[in-house]
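In what follows, chain A forms one complex with chain B and a second complex with chain C.
And now, the complex of A and B:
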């Protein structure tokens, strides 16, 4: 494949950039992520992880069943901070932390 | 909020599972990020081949309507337009209605999150006008928007052929199929014949060398063996196959196994469609990519197993229903592709002895 081909479209990481870190010893998606920002955009690797897996497979001859999935974190899809900071009082949340911040003359104390 | 059963995903498998459980008197809640029920079926205007014996032959969106209608008489809680964003320490599910986030505590959860389409990369594949076949189908059949005028399809699966036929129907000129393998992937001889009759060329051993265009795709170069063909197109529909959507299983700490035929990494599950987290069951494409008929059966099986697990039906009744459904699943899946049925069995056998442990702590 042409080396300039974009693999991670969110962070615009090219084939060449991933190839380089694979040459330098990266073996998993998370290695590549930490070194290049591949998979750290809004899609959180939902689009590029299979492309990266095939690159790992090709470049390192690792069978697919030995290439682990990228780590998936909460929130599972993008959410507004305002929504995450829900006003529900029945359980602890970001909002309850925010409620403890008292505003005074427009300043955060 | 509390519920007996939470079903994540209102596609064919989730709705089939809901019917099994609601009809046995269980308190069921269904959550889906879409505001409509039926999942991808809503975009599928093609006749769905080989449905379970209790179903008449129908089109995808008709099946969605049928599955929705059979739930009408039951008191099911629908959380449509809601997303699962994560899990709390006590095991309750964090769900958002886009205003607030609230916790739902369920005795059992059936995860039927379905599948996602895989990307296909080539130089300039990020140009507007390049999209998955599913996206093109959604634009035509749900949004009534023509996604382009001159198109090529990358891939030759059943879904790729369906997309091509539907694009042609709405006046898009399909200039060819680009298949990297040496043969057509679809096993539907009738559909292949239909496509050939329309005069759409199928290029085998071929791939897109490059897409070109300013701000949108205007032209592509197709490499076919030793020759290169340039086509003017404003739409490239790519079919990279599909894989189970796993983020919820990952959050729940489920283990996974790799089966190429089932779409790659698949959560480990046993014959009860139960994951290694005892209260978490699964169904549909999340349990391995298959046909719509099979997805329905996996939903029914998961539903019955949950009913049995919570004591809503006796083991004798459950076994009888399950025997019948497993036979049906075998018939439907073997007829479609025996390799998938074999992979599913291998996968379930691996449940007792997972191949690799701790593989995800990277």
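And now, the complex of A and C:
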């Protein structure tokens, strides 16, 4: 790997960009992800996580077994919103901002 | 690493890092930020990051939020590109009863200088053509917008470090001792001492307060958010419930659950959030969801920021709030004034922790 090697193909993040945040104090995959977007694309780090682990190992001398795995997110593979939607329009946990505006004696609190 | 500091800030999230940055602009005295993990690993890194003002209530809280939102353009000039966009904010409603509320809101806020327009169905659809044609109307204000929270905290941190602030990360504070004229802060990586101590622990404020025998009544409120694949730009405004980021992704979510520190995402709320998305913007149904994440909001017991000195303990301060992204430029500015000059340019008495001592 040299400085221009693309580590994260989804987000096109290079070795150099990851190296920079590692020297700036990031120590885990998820730290690197939040600062560079490495691993935030559609493959969810399936391609880059071992490359990043080797960089963390190299730069911080952390043994491989102590490097935490990236946090995987639902749905593990992209799916359409309509597949998730149930077409209900009654909501319980999901709020609307207008619901939170309360009137008191016909006036905004 | 030095062990003695003028000021130590516990918590390196958007609030703690903003205070660190603003402080470092004004003073050359040594400042240390301690974070139990790494900045962005908690609330600040799991948010839609709206800069939101227009339907905050009551009006004095909206006014406070407005002053902060107005600082963003200047802040971006100083710390670098944080992808701040003043898009304007749109809150659609789907029943006539909400129009009455909207009109009252607009009337009340005109008096404090927040311009809110109540849009008809046609006006709402003209502004945001992809909204559900069943929409009844919307409130609109030009003051709202959004920002990239990762860029924001990273930029605060980099700018603070450039000005000499030190960060110690993955370093949990385990004990705080009050000595005459100073604090001893015991952490996993050793002891530090400081004159001023600022508690900016966000969701963990209550736990942090226990170390100094102060009740900081902050609770946790979970929010779950869906992120789509990048789509061509098609949403013009920050809609209360969803927004399109610079890179084309749409972030969707406005859920609230009391689940403590449990950061799981759950199918029921993911489905409800998907329902909201297709209800607001029907054409989103063909968009793919790349991931879901959840974040734990810091929610003060009465919903309002807890800011300022902690009475009875000299040089001890607290800054803990909901809406840390919206408020961080102002909180950083005011806390800096308070620490260096003993008073603030905008009154924060209303936000004192002493209001809970009854």
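Keep this in mind: the second predicted complex is superposed on the first by the 85 of 109 C-alpha atoms of A that agree within 3 Å, B and C clash if a C-alpha of one lies under 4 Å from a C-alpha of the other, contacts with A are read in each partner's own complex, and residues count from 1 in each chain.
Note that a residue touches a chain if its C-beta (ideal position, glycine included) is under 8 Å from a C-beta of that chain, and two chains touch if they have at least 3 such contacts.
Nothing here was measured: the structure is a model prediction, and the numbers come from that model.
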item: Which superposed partner A:50 touches (first chain B, second chain C, both, neither); value: first
item: Partner chain in contact with A:1 - chain B first, chain C second, else both or neither; value: first
item: Contacts of A:79 with chain B and chain C, given as first, second, both or neither; value: both
item: First, second, both or neither for A:69, with chain B first and chain C second; value: first
item: Touching partner for A:35 - first (chain B), second (chain C), both, neither; value: second
item: Contacts of A:9 with chain B and chain C, given as first, second, both or neither; value: first
item: Chain B versus chain C as contact partner of A:25, first or second or both or neither; value: second
item: Doubly contacted chain A residues - partners chain C and chain B; value: 28, 30-31, 74-75, 79-80, 84, 86-88, 91, 93
item: In the complex, chain C residues that touch chain A; value: 38, 40-41, 45, 55, 57-59, 91, 93, 98, 100-102, 104-105, 108-109, 139, 150, 154, 158, 167, 169-170, 224, 226, 228-229, 240-241, 253-257, 265, 267-279, 284-293
item: Partner chain C, residues of chain A touching it in the complex; value: 24-28, 30-31, 34-35, 37, 40-42, 44, 73-75, 78-82, 84-89, 91-98, 100-103, 106-109
item: Footprint of chain A on chain B - complex, ascending; value: 33, 83-88, 94, 96, 98-103, 116, 118-119, 121-123, 125-126, 209-210, 240, 243, 246-248, 250-251, 256-258, 260, 264-265, 355-356, 359-360, 362
item: Chain B partner contacts - residues on chain A that touch it in the complex; value: 1-2, 4-7, 9, 15, 28-31, 46-48, 50-51, 53, 64-66, 68-69, 71-72, 74-77, 79-80, 83-84, 86-88, 90-91, 93
